[in-house]
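By letter and in written order, the chains are A, B, C, D, E and F; residue numbering begins at 1 in each of them.
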Amino acid sequence: MIGQSGIAIRNIKRADSSSVAQLARYGVATVHEAMGRVGLLATYLRPVYPGAKACGTAVTIFAHPGDNWMLHVAAELLQPGDMAVLGVSSSNEDGMFGDLLATSFHSRGAVGLVIDAGCRDTADLRQMGFPVWSKAISAKGTVKATVGSVNTPIICAGALVHPGDVVLADDDGVVVVPKAHASDVAQAAARREAKEALTRERLAAGELGVDIYGMRDTLAKAGLSYFADEAAFEQELRKKQGART
Amino acid sequence: MIGQSGIAIRNIKRADSSSVAQLARYGVATVHEAMGRVGLLATYLRPVYPGAKACGTAVTIFAHPGDNWMLHVAAELLQPGDMAVLGVSSSNEDGMFGDLLATSFHSRGAVGLVIDAGCRDTADLRQMGFPVWSKAISAKGTVKATVGSVNTPIICAGALVHPGDVVLADDDGVVVVPKAHASDVAQAAARREAKEALTRERLAAGELGVDIYGMRDTLAKAGLSYFADEAAFEQELRKKQGART
Amino acid sequence: MIGQSGIAIRNIKRADSSSVAQLARYGVATVHEAMGRVGLLATYLRPVYPGAKACGTAVTIFAHPGDNWMLHVAAELLQPGDMAVLGVSSSNEDGMFGDLLATSFHSRGAVGLVIDAGCRDTADLRQMGFPVWSKAISAKGTVKATVGSVNTPIICAGALVHPGDVVLADDDGVVVVPKAHASDVAQAAARREAKEALTRERLAAGELGVDIYGMRDTLAKAGLSYFADEAAFEQELRKKQGART
Amino acid sequence: MIGQSGIAIRNIKRADSSSVAQLARYGVATVHEAMGRVGLLATYLRPVYPGAKACGTAVTIFAHPGDNWMLHVAAELLQPGDMAVLGVSSSNEDGMFGDLLATSFHSRGAVGLVIDAGCRDTADLRQMGFPVWSKAISAKGTVKATVGSVNTPIICAGALVHPGDVVLADDDGVVVVPKAHASDVAQAAARREAKEALTRERLAAGELGVDIYGMRDTLAKAGLSYFADEAAFEQELRKKQGART
Amino acid sequence: MIGQSGIAIRNIKRADSSSVAQLARYGVATVHEAMGRVGLLATYLRPVYPGAKACGTAVTIFAHPGDNWMLHVAAELLQPGDMAVLGVSSSNEDGMFGDLLATSFHSRGAVGLVIDAGCRDTADLRQMGFPVWSKAISAKGTVKATVGSVNTPIICAGALVHPGDVVLADDDGVVVVPKAHASDVAQAAARREAKEALTRERLAAGELGVDIYGMRDTLAKAGLSYFADEAAFEQELRKKQGART
Amino acid sequence: MIGQSGIAIRNIKRADSSSVAQLARYGVATVHEAMGRVGLLATYLRPVYPGAKACGTAVTIFAHPGDNWMLHVAAELLQPGDMAVLGVSSSNEDGMFGDLLATSFHSRGAVGLVIDAGCRDTADLRQMGFPVWSKAISAKGTVKATVGSVNTPIICAGALVHPGDVVLADDDGVVVVPKAHASDVAQAAARREAKEALTRERLAAGELGVDIYGMRDTLAKAGLSYFADEAAFEQELRKKQGART
């Protein structure tokens, strides 16, 4: 069951590294669209410094409020290219992660952390270049008293994350790509990016989206009426009201 | 009625450009004070990158949750110097606006966007220098299914905005100046700025606000008592308690 | 009683300056840990610009919603090295503090402000280098109509602050150190910092926290089990379920 | 300008009493739909006791945070059948209204209060049967120091309310009907109610909405596919993936 | 993938009815504990009237913000004893469900609704006795424009819910029991309830939890010290400080 | 220091019982006013059932997030007439208190609980008549792993509470009266209640607050102007604008 404590899985199946590399080229918004508009984590997760970007395979952590013990357990199970992702048994904003754990994660080759709780030592993290997406910045220290799990499926910020899934994060937020779909999504993202490049050029040249996307008819069918100005609109309104009485 | 859907007004009366230019010189706090402490939008609207500043005439957009169709309609009605302002029919934080629409708005001459919803592609917006004030940063994609309106009066973040009003935004937030008052407010802002410059000098030189503003008497009348130290205060307290018994 | 209005205490006992100087060397997280994980103000207090850091002796201010009168009273009572700390009689986010008051506070030698309300003119504050930690950024102007107090004990963002206590603030938040403990806490912070430096080196070299801190036994006793992979875990699970039936 | 202070208008044009009486028969949801899905105040306004319902003509009040002076001014301007509606210059939850003011409002013939701030003495209000919709329940006392306005247009909980508009409130929230539209909206509500009664009967008899409203075709066009069971869906999925490769 | 749109599964495997009947006897807190403290939905889901209680098999609904179309689709797929559970593609509080849909769901034999969005006509729901747990009470009407899914796995209020799982809700909140575990959890709940009955009797008779649960030793080991009174504590404190210097 | 863990004080000095009995006669709003508008706990504390009221002497509890161990310790130290009050080391909404602890507290003679965290088994609490004011209703179970303190000063919901202080709670919220002031505040509350009774009669008879409190002059001095109607106001406005030009 999701949220079971006491389990640490040593070896997990990770998304293939070429898909991860491909996905790392795109932004979170593009990948989310390429998946069919799914996979986003809640918007309250924010990078602890601007310009942060990371893409890696998820090592999942399940922790209890005010307790960061499992982050130490996770350190051992991290491999180069991994992204640690922490979900909680109940809402918590304590500073579970700081510069010491970041030093450890970094030395293990991890590329970042997504944490549905708080983070501290943010000035150090910025300096180290170890990116973290967190729910809060909080200096609050935590205990090491109750075990959770590592590498079991978790809910993090409202999204389901399995160990080995691809997790991509940037200034816009965080998206998870199930490992089975990583290759498909990477290709769809590439197609979308190519198409958007063309659209961007046309828009930059002054063409309108309503023309490029052919929206004029559907807008009219959906009930949009254009009026030359406010006076014209009010005249129309009076006409309708007259007709009604 | 505020919040009516299905209307797009092509031509609106805009605040005169010289007032807009004057207002653009001041900060949001100054203009808000110059208006008599009114006109602010809710503080949850934040610039998507620090240092953003913009001032323009409002092209208003009314949209539904999770639907950014009207932003495309608005693009056509934007003129150089306009500031797009989007209100919603109910609370929503989805990423209605991103780099493609920004490219379009920018090519139309718009100076920025104030959106009571989410924004994405924030790294691109920063790079383009297209400033956005939003309720949230969210990569969540939106549909184009339900029409709203463009250039009708809207409520945006708790403030009433008419098409053509002046909208000024900076690091401190967003303020709207009704177009009929734009000239008066610009002059009042200039007077305030001049007066504050003098006060700033005196404060920098070590003079106290309580003296500059002549507050000592009113403070005393309003009931403020000074004590040399905590002991003096406690002595006074005991005296009063003694008198009461 | 906490929250009494109408009192301004001119002279307060401040924490000794050498302890303040020592504490200023450490981060908020370190000092909070050194105190035994206490003393933090609520995490909704954020610096108005990144990289802000300040440490000083508290001049406390008690104010009412939408009223910044007491900040002017406080200006006179500030001494070089002081940190102004403002608590409110009820929740408020108005922009009580801006560039004029900052000019005044700065000229009095104050090192910063912690305010359980809003702040404005944030671009100016950044430029002046006068750091503020606030609950909100808001251009909303305030009145000067109701007196509060200066230099009485206050609750600020959920923490009790006495005049003269040490207040340390950085990117991670704000911590208060009671003046009687300032020296002890400074020493404990130094010890902690020294110890963490060694741990950091070992972690950077690839050693694991579970080994450095000797957690393997306690983790096992607390119920953590390792499995080679998901298949191994599921096999164990079936075994247990079999045993139960 | 919205939010101007210092004005009290004695006589206002109120919506006609027969429209008010008609609107009072319907629920907030029905009237909101009858207006074309507009007019709702923010959902954070909640009745201070369950089962509260009121409908009256708005006497509008503009107040400042922590200051309930204008409620006393409004008492004099209330007429039988009026609903007091209070907006604020900035967010505030203090207990501006309690049993004394309720006694006064009640004796003036007011039918209720909608307040974008806090309310207290809620047990007394329930006993008196004087309904209040508020943002918060708070015992926090307020001052009488700064004037606002009475009977000027206000923004209350994100909606524009003019003096004399019809305000209807029940367990579902609060809706405002502009006085010029009161009669039209009342008729539309009556039509909607009649139509819904028929639909309700059919639904109660087991008919399906998808049939009553004829949704099956539009659902299919919009992309909904039915599958007998999960296995059928997965078979289809594999077929599509096969086709793609 | 979780969150895929356009799918309606007609037939689902439901938890066995005897387990559902057993689980319906217990409270949400008991079942959550019996599962090993997992399975809760976020606490922002509240019953729309006090005393509501329901237990049924989940028919899952995935919907988009401001769009209640899928609730109509779900009506057809509901069977007696089902509990409808709705998750959203992004945060929304609109009134997606009201008395008409409740009439329909009720006539289909559904026992309740859990909705990660808003609900309206709450007075009618209370009168009908159709219980709903929602994120908000909102009269805001919704469109029927974009398809979601019915009977696919969803995330609702931070929990993963599969079609056919048992969903139990009462005044304390909502818990989901995966259908494969329904029988085990029902038995564990029965055991827990029996055990708690005995403990309750002993506590009612004045015995202490610290004795019943044998906590005195573990408390001491965890560092708790008892002092006769404050003076005794301060004496001890001084002793320690003396020892340190 | 506030927030120190590991301390349990057996015997505390309680406010005198006659003051507690007197204070119990008044509402929270009255006592808060009688103290000079201080002493309230944050408004997010709400009774778990309507109509709850309690007044007792504080037994204070300091607990950590997700850990209710100290509530068991507190049970032993409760005496008849006590009100348990729990503060936390960091924000938490877990269900720390339920029917078993309530049974224990009730058998010890406690009159209620104020908890800056979550509460569960609320239906049972209502039935038992054991009132609780909490931050949240949550079925989330907690651990017993980390010690806090009992009968040390705490911050609860933003207010400082000492062991033995009087805590009064009703539908309007929670107020704390320092034990040294209990008698004075009780008398002030009695005077206030008497005075309000007279005012209530006059208001009920139709007299106006602006007359009873003699506000007409101060309103005028503070800048309030009355206008016969909107037309009169606009005429005045034009006159002023004319004068300015």
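The definition used in the following text is that contacts are C-beta pairs under 8 Å (C-beta built on N, C-alpha and C of every residue); 3 or more make two chains touch, one makes a residue touch a chain.
It should be emphasised that the depicted structure is a prediction, and the values quoted were computed from it without experimental measurement.
Peer 1: Of all the other chains, whose mean CA position lies farthest from subunit F?
Peer 2: Between subunit F and every other chain, the largest centroid distance is to A.
Peer 1: Measuring between Cα centroids, what's the chain most distant from subunit D?
Peer 2: Farthest chain from subunit D, going by C-alpha centroids: C.
Peer 1: Using mean CA coordinates as chain centres, what's the subunit D-subunit E distance in Å?
Peer 2: 29
Peer 1: Can you compute the centre-to-centre distance for subunit A and subunit D, using the mean CA position of each chain? Integer Å is fine.
Peer 2: Taking the mean C-alpha position of each chain, the two centres sit 36 Å apart.
Peer 1: Of all the residues in subunit B, which ones touch at least 2 other chains?
Peer 2: 5, 37, 40, 89-91, 93, 138, 140, 145-146, in rising order.
Peer 1: Would you mind writing out the residues of subunit D in touch with subunit C in their complex?
Peer 2: 64-67, 89-94, 138, 140, 143, 145-146
Peer 1: Can you name the residues of subunit B that touch subunit C in the complex?
Peer 2: 27-29, 32-33, 37, 40, 43, 46, 50-51, 170-173, 175, 196, 199-200, 203-206, 208-210, 213, 215, 218-219, 222-230, 233
Peer 1: Can you name the residues of subunit E that touch subunit A in the complex?
Peer 2: Answer in residue numbers: 1-5, 35-40, 42, 89-91, 155, 158-160, 178, 181.
Peer 1: Note which residues of subunit A are touching subunit C in the complex, please.
Peer 2: Against subunit C, subunit A makes touches at 5-12, 49, 69, 72-73, 75-76, 93, 95, 98-101, 103-104, 106-108, 118, 120-124, 136-141, 144-147.
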